[in-house]
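The structures come next, written out as C-alpha cells.
Shared chain: chain A. Partners: chain B in the first complex, chain C in the second.
Then we have the complex of A and B:
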C-alpha cells in the first residue's frame, strides 16, 4: 500500500470529533474514500451506531486520486490520548503507511507521533432507512442541558413530539423532569411534525454522546418516530456530519 | 514348595553382579509373596548383513570378554527366516553400551530388541502376563527385608495358568489437599493440609494439619498408617500428575522419609509418566477417564457422577484454587473437610467401577496394572503383539521415527446439516478385525513381489499370503476365541453376580483390544508399522462400507451420515433389519445397531454433531466444548444449548437461554470462577517469544511477587481497557479486586456467543438474535 496523506486545518475540531465518537466506540476503522473520510460503527451492545462523514473539501490536503479505499483501524482510547497534545491553532496531518498511522500536529513546531494500525474485522453496516415523523433542529447546548437534567432523575428519557413543540421528560421515584422546546421558541430553529410521536431512549447513550458532540456544532438535528430509533445529527463544516442512531427502549 | 500367585508387580535389582527379578503377588491362600528369580539374563539380537559366521567372528573378537554369551540363532523378521546372533549380557545396565558397540562392528546391519525393559523381557520370554495367576513349581523359601508374608527363590520357570478369579485385594484410595494462597501450589513453600484415605476395612481416615500447618507430622502419621494397612492397590485421581509428585517433593522438603513401597523405598516416577510404588500397583484413575470421550469435563466430581458414584448435587464442591480460603476462614473449614472427604469417597467409588476393567486390560495386554492405564492404546496393543511374536520366534522391529504420512483413510460422508429425529447408528467397528482375519492381513504376510496364492486388497492392490496365518490374524483369532469362551462361561452365572461382572469386564476388554488392532496398523509409532497393511485394511473397509451404502439406497433407507466404522440412518426398523441381515448373511460381517438417537444435530462439518439418545444421554462430538481457551461459562453454555435444543426441539428456548446468560453477564451477575480462562505454561516464561494472554498474565503474577514457571496453570480474566490485543487486556484472577473490572463484552462476544453459535448457526439462528439486549433491539434491526 502506498503512502496516503491528509491534512485537516483545525486539529482542535478534529479532536472533538474523535472525542465524540469515542463516547460509543472503543475501536473502529475509518475509511478514506475519494469523497472523504468516513466511519460507521456500532457500539459493543449494538444498541447505537455512529456515522461520520468529513468530505474531502473540508481537508486542506487530500489525495488527488485513490485507487482503492484505505482502512485506518484505530483504538480510540489511544488516539484520544495522543490528541490531548494538541495546541490551539494546530493543524493535524495524518499519514498511513506500513501498518502505522503517523499523526503530525503542525503548529509553531511540527510534532509527529505514531499509532499502530489495528486490524478490525470489517462488518458491512447498512445505511439506515428509517422513516421519521419528527424533525427538530435545536440548540445543541440546550439539548445537552435537558438530557443532563433528566439524567439526575432517571435512566431513560421520553421524547414527545406534539403540535406545540418537543417535550423531553423523565420520571422515577426520585422525581420528575420535563423540558419543553417550544415550536418557534428561542432554542428551536426548525420544527417539522408529520405526526405526533413518542419514544423512550436510554440516557446512558444520549448523555455520553451529546455531552461530547455538542462542542462540534451549535445546532443538532433531532429525528425520531414512535417506537423507532432516534437520529442526532451534528454538522461539520463543508457539508460533513456526525450522526448517532440509538435504538428505542421497548416497554 | 509349589507356589501359585497372582502377579501384581514386577521389578528387578542387581545383587553382586547378577540381576534378580522380583515378582510381587498374592498367593491363592491370600499371603503377600515375593518371588525372586536369579536365573534370567538380559540379551539382544544382532542382524548381520553378510554371512552370519563372518559377523559372528567379528563380534566374538570385539565382545567376547564382556558378555556371557554370543550364539547364532534362527528367528523370523516380517515373516521371513533370518539368521541372527543373540548376545547375552551380565546385567541390564550393560545392554545400552553393548548395543552401541555391536552396531559399530563390520557386517552388522542392525541391533534388535535391545530397548526392552529387563522385567518386561522376562515376562515376554516366560510367557507370563501380569494380573494373571502364575505357578512356580519349585520355590525355595528364603529371608529378605521386604514387607511381605513370604519370600522365595524360583528354582523353576514360572508358568501362567488360566483362572479368572481374583484375589482379595487391599485397595487404598488417596487424596491430598494443599494450601494454595498463590494459585498453583509449590512444594517448597506450600504445606499439605489434608491427606485423606479410604479403604474397605478402615473406612475414611483423614490426616489434617493443626493451625500451624505442620505437615511433617501428618505425613509421618500417613506413612505409618499406610504401612500398617499395607495396600496392594493404591488409587487416586490424577495422582501421577499431582498427589505423588507433590507428596514426594514435600516430604523431602520437610524431611520425612516416604517409605511406602514393599521394599521401604519412596514412590518413584517410571515409564509412561506413571508413579511406581514397588510391590504395589499405583493406579491413576484419571488415565481411564481421560480416554472416555463420553465424559466431557474430566474432573473427579463429573467422573464420579457419570459412574453413579456420587451426584454433584449431593456433594460439597469447592473451586480448587480457593482451597486456601476455606482453610483460612475457620467458619468454612468444615466445608473443606467435607470436600476432601467427598473426594476420597468418589475416588474409592470410581476405583470399584474402573479397576475390574483395568485388571483385565493388564492381563490381556501384558502391561503391569500400574502401567496399563498410563500407557497409550498403541502400547497396550503392541505388548500383546509382542507376546505373540516371541511365541512364534518373530523378531520385533525397532521403533523408528517416521515422517508423518497420509494415505486414503476411511469413508467419511458429508453429513446432512440440520436437526434429525429418530436416527439409528450402525456400528461396523468389529468389521476391521474380521477383515484382517478373513484376508490374512498382517505385516508378516505382506508380499511385495509376485504372488500366486494371495488375497489382493481392492484399489491399492497390495497382496497378502493366504497361509500360513499371519501375526495379527493369529492374535485376533486368539482374542475372538477367548471372548467366545468367556461369554460361554458367563452363561453359568446369574447376571450381575460378581463372577458374571468379572467375566463381562474381561469379554469387554478382549473386544476393545481386538478392535484396537486396526488403529495400531495405522499408528506411525508402531514397531510393526507397515503402511501397506493400514492402507489395505482401510481399502477393504471402504469397499465394504460402499457396498452397504448402495444396499441402503436400494432399500430406500435414508443415510444421514457415515464415518469410518459407523453409519447414521433413519431408524425405519424393518429396513434397518433388512440391511443388517444383508451385511450378516451376504457379506459375512457382524454388525449391530450401536445406538438410537431421538434427535441428532449435524453441522456442515464432518465428525461434528450432537445427539440425544433414546436413553436421554447427550453426545457431543467434535465441538469445542473442551477447547482450552474457553472459560467455564462458554463450555456450560454450549452444553446447555445442545441439551435444550435436543430435549425440547425448540430453538427459541435455546436462544432465550443464551440471552438470559448474556443479560446476567452484562449485569455482572456471575461468579468469577466461571469466567477464568486456564492455560498451562508449557515453557519457562522467558522462552516465550510471543506475548500470549496467559504469558501476559503470568508476567503480572511475577511482578506481584508470585513464583510461576513451566508447568503451572495460569488462570486469567479479560478486563476492560488495556488496548486492542487480548494480551493487554488480561489479569490473573487472583489480582481481581472488583468484578466490575471484567470486560463483560468480551465474554459475551468472544466466549458465550461463539460457543452457542457453533450449535445454533446450523439451526438458522443469527448472531444478532443473541446479542439483542433488554434495553432495546439492536439498532440494525431498524435499518432493514
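Then we have the complex of A and C:
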C-alpha cells in the first residue's frame, strides 16, 4: 500500500481530542476514509462508546482520493506520550507506511517520531439506537464542574429534565448535591424538551470523559431519555464532533 | 489508662495516630499500647550486639532531615524471620510484637538527599540493608536506650532507640545478585527497579526497605524515604504494574467467594466476572484499634474503576496492601475480575501492627479455597453467613456491587 499523509493545522487541539478518547479506551483503530478521519470504539467493560469524526475539510492536507479505507491502530498511552512533545503553534502531520505511523510535529523546527501500528480486529459498530427526548446545549465547563461536585458526594449522578431546566443531582450518606441548568439561563444555550426524562449514570464514566473533552469545545450537547443512554457531543471545527454514549444505571 | 474524652471514631479511623486529628498532642490509642509492652532486657543498655536480619527504620519527623535507625535484636543467629511477614502471619500477636520490639535501634540524623552520596555511616547502613543477612552488628549508643517504640499503622513495630555513637559490622553476607544489580544501576528509575526486583521474586516488604534507605532509582534522584511512605509507595507502584497486565487477561467465568477469619478479623473476597473494579472496605467495631471510643460500627470504603485512581484513598495504606494481594491472585490465574474486599474488625483486635497484616491475610485468603456461584445474589447470600454486619448494609455501601447490579451495557442499544 502506498503511503497516506494528512496534516492537521492545530496539533494542540488534535492532542486534546486524543486525550479525550483515551478517557475510555486503551487502544483502537482510526479509519481514514474519503470523508475524514473516524474512530468508533467501546470501552473495555462495554458500558460506553466513543465516536469521533474529523471531516476532511478540517485538515490542511488530506489525500485527494483513497482507493480504500486505511486503518490506523494505535495504543493511546504511547500516542499520548509522543503528543506531549507538542509546542504551541505546532501543526501535526501523520503518515502511514509499512506498519508504522510517522508523526511529524511541525513548528519552528520539524520533529518526526514513529509509532508501531497495532492490528486491532475490526468491529463494525452502529451508533446506539435511542430516541432522545431531551436535548440541552450547555457550557461544557459548567457541566464539568457540576459533575466534579457530584463526584465528591457519590459514584453516580441523576439527570432530570423538567420544564424549567436540566437538574443534575447526587446523594449518599456523605450528603446531597444538586446543580440546575436553567432553561434560558446563562450557561444553557438551547433546550428542547419533548418529554420530561430522568436517568442515572455512573460518575466514573462522566467525570473521566467530560473532564478531558470540555477542553475541545465550550459547548456540549447533552441528549438523553428516561432509562436510556446519554449522548454527550463536543463539536470540533469544520463540522467534526466527538460523541460519548454512556449506558444508564438501573434506578 | 482511664479516659473520659470522647473522640469521634471517624476521626481516629482516618487519623490512625498520624495526624493528631483528635486535637491531643499525643495519640491516646498508641500511648496506651506503648505502656503495655515494656522491654526489660534492653532498657538502659548502652550497647547492643546481635544479628540484624537486617532491619532499618527511617523516621518521618523533621522531613527532609530525618532519623535513620539501623536495628538489631540482642541475640545472634538466623534472625531473618524478624523481617519476614509470611512468618509473622503464623505467630501469635504477642510473640510477634515482643520479638519485633526487641529490635533495638540506633539513630543517625541524615538529610534525605544524602542517600545519593552518603557519608560513611549512612553508606554502611545502606550496605547493611542490601545484604541478604543476617548481619552481625554492634551498636554503641551515646546514652542508655530508652525512647519510644514504633507502633504504627503502616510500619511493623520496632523497639526503643538511642542516638548511635558507633556501628560495627562483621563481614556481611553479600546481597542477592539481583539486588546488587539494581543498586549498581545508576540509570534505572525507582519504579522500574521495584518492578525488576519484584519480578525476580523479592517480596515487597524487602523492596520497601531498599526504597527507604535510598538505594533504588536514578542515582541523582536517590533519597531516603520514611518507612511508612515507602511501604505504600511499593504496594502502589507494583500493583499498578500488575494491573497493566491483568487488564489484558480474559474475565473469570464465575463468581468466586473467599473467606478468612483470623484473630477477631473477618476478610471477605469476591471476584466477579467483570472488567477491573476494586473496593476495599473496613468495618471497625467499637473497641477495635481505630474505634476505641465509638458507640457504633464505622465502615470506611474506598474504590476505583477500570482506570484506577489518581488521588490518595482516604483509608490509606491498607487500600494498596490489599490491592497488591488481589492483583497477585488475578495475575497467578491470568484472569481479570472485579474485586470486592471487605474486612470486619471486632473489639478484641486493638493493635496497630502495620499494613503487612492486611497484605499477608488477603494473600493467604486468595491462596485458600473458594466457593463458586453463577450470580452475584447467590454469592452475597453465601457471604452473609460469615459477616456480622447485615449484608444489606454492606450492599448499600458497596461501589462494586452497585456497578455490577445496576450498570447497563451500551451494547443493549446497539441492536444485536
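Some notes on this structure:
Going forward, the second predicted complex is superposed on the first by the 251 of 251 C-alpha atoms of A that agree within 3 Å, B and C clash if a C-alpha of one lies under 4 Å from a C-alpha of the other, contacts with A are read in each partner's own complex, and residues count from 1 in each chain.
Note that in this section a residue touches a chain if its C-beta (ideal position, glycine included) is under 8 Å from a C-beta of that chain, and two chains touch if they have at least 3 such contacts.
This structure is a prediction, so every number in the text was calculated from the model and none was measured.
Once the complexes are laid over each other on chain A, chain B and chain C cannot both fit and instead clash. Of the two partner chains placed around the shared chain by superposition, neither chain B nor chain C is touched by A:4. In the superposition on chain A, A:125 contacts both chain B and chain C. Judged by the touch definition given at the top, the superposed model places A:202 against both chain B and chain C. Applying the stated contact rule after C-alpha superposition, one finds that A:66 touches neither chain B nor chain C. Contacts of A:106 after superposition on the shared chain: neither chain B nor chain C is touched. Using the contact criterion defined above for the overlaid structures, shared-chain residue A:47 touches chain B and also reaches chain C. By the touch criterion defined above, A:249 reaches both chain B and chain C. With both structures placed on the common chain, the touch criterion links A:135 to neither chain B nor chain C. Looking at the shared chain after the overlay, A:229 reaches both chain B and chain C.
With the shared chain A as the reference for superposition, chain B clashes with chain C in the stretch 237-245, and the other listed options (129-137, 237-245, 345-353 or 381-389) are free of clashes. Shared contact residues of chain A, touching chain B in one structure and chain C in the other: 42, 44-49, 125-126, 128-130, 202, 228-229, 245-250. Contact residues of chain A toward chain B in the complex are 27, 42, 44-49, 75, 77-78, 116, 118, 125-130, 202, 228-229, 245-250. Per the touch definition, chain A reaches chain C in the complex via residues 26, 42-49, 125-126, 128-130, 155-156, 200, 202, 204, 208, 228-229, 245-251.
Those residues of chain C lying in contact with chain A across their complex are 247, 274-275, 303, 305-307, 399, 402-403, 405-415. Remark: chain B residues 666, 721, 723-724, 745, 749, 768, 771-773, 775-784 touch chain A in the complex.
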